[in-house]
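Labels A, B, C, D, E and F are assigned to the chains in the order they are written; within every chain, residues are numbered from 1.
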């Protein structure tokens, strides 16, 4: 079994890139792999607590909680979050906060990396 | 107990979103990655500007003056100062008619490194040698 | 109609701009759209400059990208934000953002 | 003097579309026009309070406050904000909350509309 | 004391972001806009799918099943139910090889309106007659 | 190298996918990339399908868009999320997202 690190940069509420990364993470867990997720740029919103689940909108909070329970390490880029007015206390409990070298270190120790960049 | 190369491919134009900036700043963070790794381990980023990404490399960017944000130029200079290898695709520069004297340089800040203009075939080799690839 | 189009990207402009017609048409190049006013790809100017239209480019977005007035195609007028407001209110009626 | 309504949908922190809409609003005010701004989709983050001003990031909160002081009406799409976990109490004071018909009504009463759509 | 037409141009493919959904839902909100207007005033949206936007109009979308979100198909059906005019560019359907029998229909829900497949020249006229244009 | 590319968009795919070479190449069409596997523009299949590569398309993203197995080009294999994980770990070494 291997380690997969997913870097989410462009994954917004309303973007299916967010859903993709969460579903890929779940599928990799189901196959017995270890998963790490790095949230940067606007993807930092993914781990915001108290997202209201409306039927018209993708809803990441529930999946984030499930992945955390199953041992996925999820880390927010601290600067990206603060720049958006998101404080650590406003994120889902269990989400780590760190700087960019966290992502590079996870990449170092990963067998596979899926970096979801772009806008 | 080894150092791995990671390819950073910057292929989007500047300032459309944060993507180019984040490509360069994530590469720069290689400097402190050893804090989270074992003795002898490390990451060597190889930053490659291709396609519209080469448009990030034009000097004289007035982003702080106009938008109050650090320019991509400043980030690229910082990357050169910390001895990162940054490659710019020669064919794409020619396609867009950008002469090499328009490119960012950090010589005035004492950097030993320069942006390295190379044919795409060289970039392909760099990507072949990288353990992982990140496309920004 | 009197139509003003904000062209805000370089390579990924949709073909909508090619198809829409207007008695009076203005293209304002902003953000990475400024490369249409400055870059000659393989020696050729942007095909958008062939349209029967008036062309404008936002000075701040040129400077942000390290581009100078000398880079700008002669068909394109350099404007600031205040000029853009005047264009919107005085020269055109409908505005679209692509 | 006329009325300009700007609809921001795609304008994210880190996107220059956000900066553009704020600067255009300011320039229109300087010319004596009235300005309304509708924030939908991910642009709802624009009015989040407590954005930390870091030099690497666009910073909208300061401009939002200035525009409000100068009489610009700024309104968030309530559903879009809630779906992102942004509560009314977390937005800059003075920002209105409403539904999509607010935007259409402002469009009705505007001389010019700049709708910034896309991703 | 009059009703204005507003052109909604949907030109992006489905589900890349919220943009197509928001185009349709904003149009639907015309139903309650009179709450904020004077007597006799109103907004009539004219929704035009062009370019890749026509790809939003294929029926049988399983978005709720797969992603837990209301499909664009549901939103389009609702728009037809509230008597909005929705136009689909004929040339773009042909270009992408999408036959008209693949298009969304709300007849089963009792809608009188159908998606109207029209040449681009008709869409141009609709945009000419609109007071304002919104491109999604 | 053994390279797997996630193609997630239809008309705005960058030319990077054209230029990269790999001894073993796989293209996984996801999101609006699924139209490459299903739409014949002006009667012609996507030029991406001409590449010397293996092609995959994500079933959920087909169904979400109202597309069926019958729409999929014969060169393309329909996969689910679990299959994607196996492709990533067993068939390819490096993965990029365009």
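Everything that follows uses one rule, which is that a contact is a pair of C-beta atoms (placed from the backbone, for glycine too) under 8 Å apart; a residue touches a chain by one contact, two chains touch by 3 or more.
Keep in mind that what you see is a predicted model, and the values were worked out from it rather than measured.
Undergrad: Compute the shortest path length in steps from chain B to chain F over the network of touching chains.
TA: 1
Undergrad: Would you mind telling me which chain pair, B-D or E-F, is linked by more contacting C-beta pairs?
TA: Between the two chain pairs, E-F has more contacting C-beta pairs.
Undergrad: Computing the C-alpha centre of each chain, which chain sits at the greatest distance from chain E?
TA: B
Undergrad: Going by C-alpha centroids, which chain is farthest from chain D? Tell me that one.
TA: F
Undergrad: I'd like the Å distance between the centres of chain A and chain F, where a centre is the mean of that chain's Cα atoms.
TA: About 24 Å separates the centre of chain A from that of chain F.
Undergrad: Just give me the whole-number Å value for how far the CA centre of chain C lies from that of chain E.
TA: Using C-alpha averages as centres, the distance is 28 Å.
Undergrad: For chain B and chain E, let me know how many angstrom lie between their CA-based centres, rounded off.
TA: Centre-to-centre distance between chain B and chain E: 43 Å.
Undergrad: Which residues belonging to chain B are in contact with no fewer than two other chains?
TA: Where chain B meets two or more other chains at a single residue, that happens at 15-18, 25, 52, 67, 132-133, 135.
Undergrad: Please set out, as single numbers or ranges, the residues of chain C touching at least two other chains.
TA: Touching at least two other chains: 11, 14, 31, 60-61, 95-97.
Undergrad: Please output the residue numbers of chain D that touch at least 2 other chains, ranges allowed.
TA: Expected reply: 12, 14-16, 41, 56-57, 59, 112-113, 115, 117-119.
Undergrad: Considering only the defined contacts, which chain D positions touch chain E in the complex?
TA: It comes out as residues 7, 9-10, 40-41, 99-105, 107-108, 110, 112-113, 115, 117-119.
Undergrad: Sort out for me which residues of chain E touch chain C in the complex.
TA: For this pair, the touching residues of chain E are 9, 11, 50-52, 120, 124, 127-128, 130-133, 135.
Undergrad: What residues on chain D touch chain A, complex-wise?
TA: 12-15, 41-42, 45, 48-54, 56-57, 59, 61, 79-80, 82-87, 90, 119
Undergrad: Which part of chain F faces chain E closely enough to touch in the complex?
TA: Touching chain E: residues 9-11, 31-32, 35, 39-43, 60-61, 63-68 of chain F.
Undergrad: Under the definition above, what is the set of chain A residues touching chain F in their complex?
TA: The contact residues of chain A facing chain F are 2, 4, 16-17, 20, 23-24, 26-28, 30-31, 33, 111-118.
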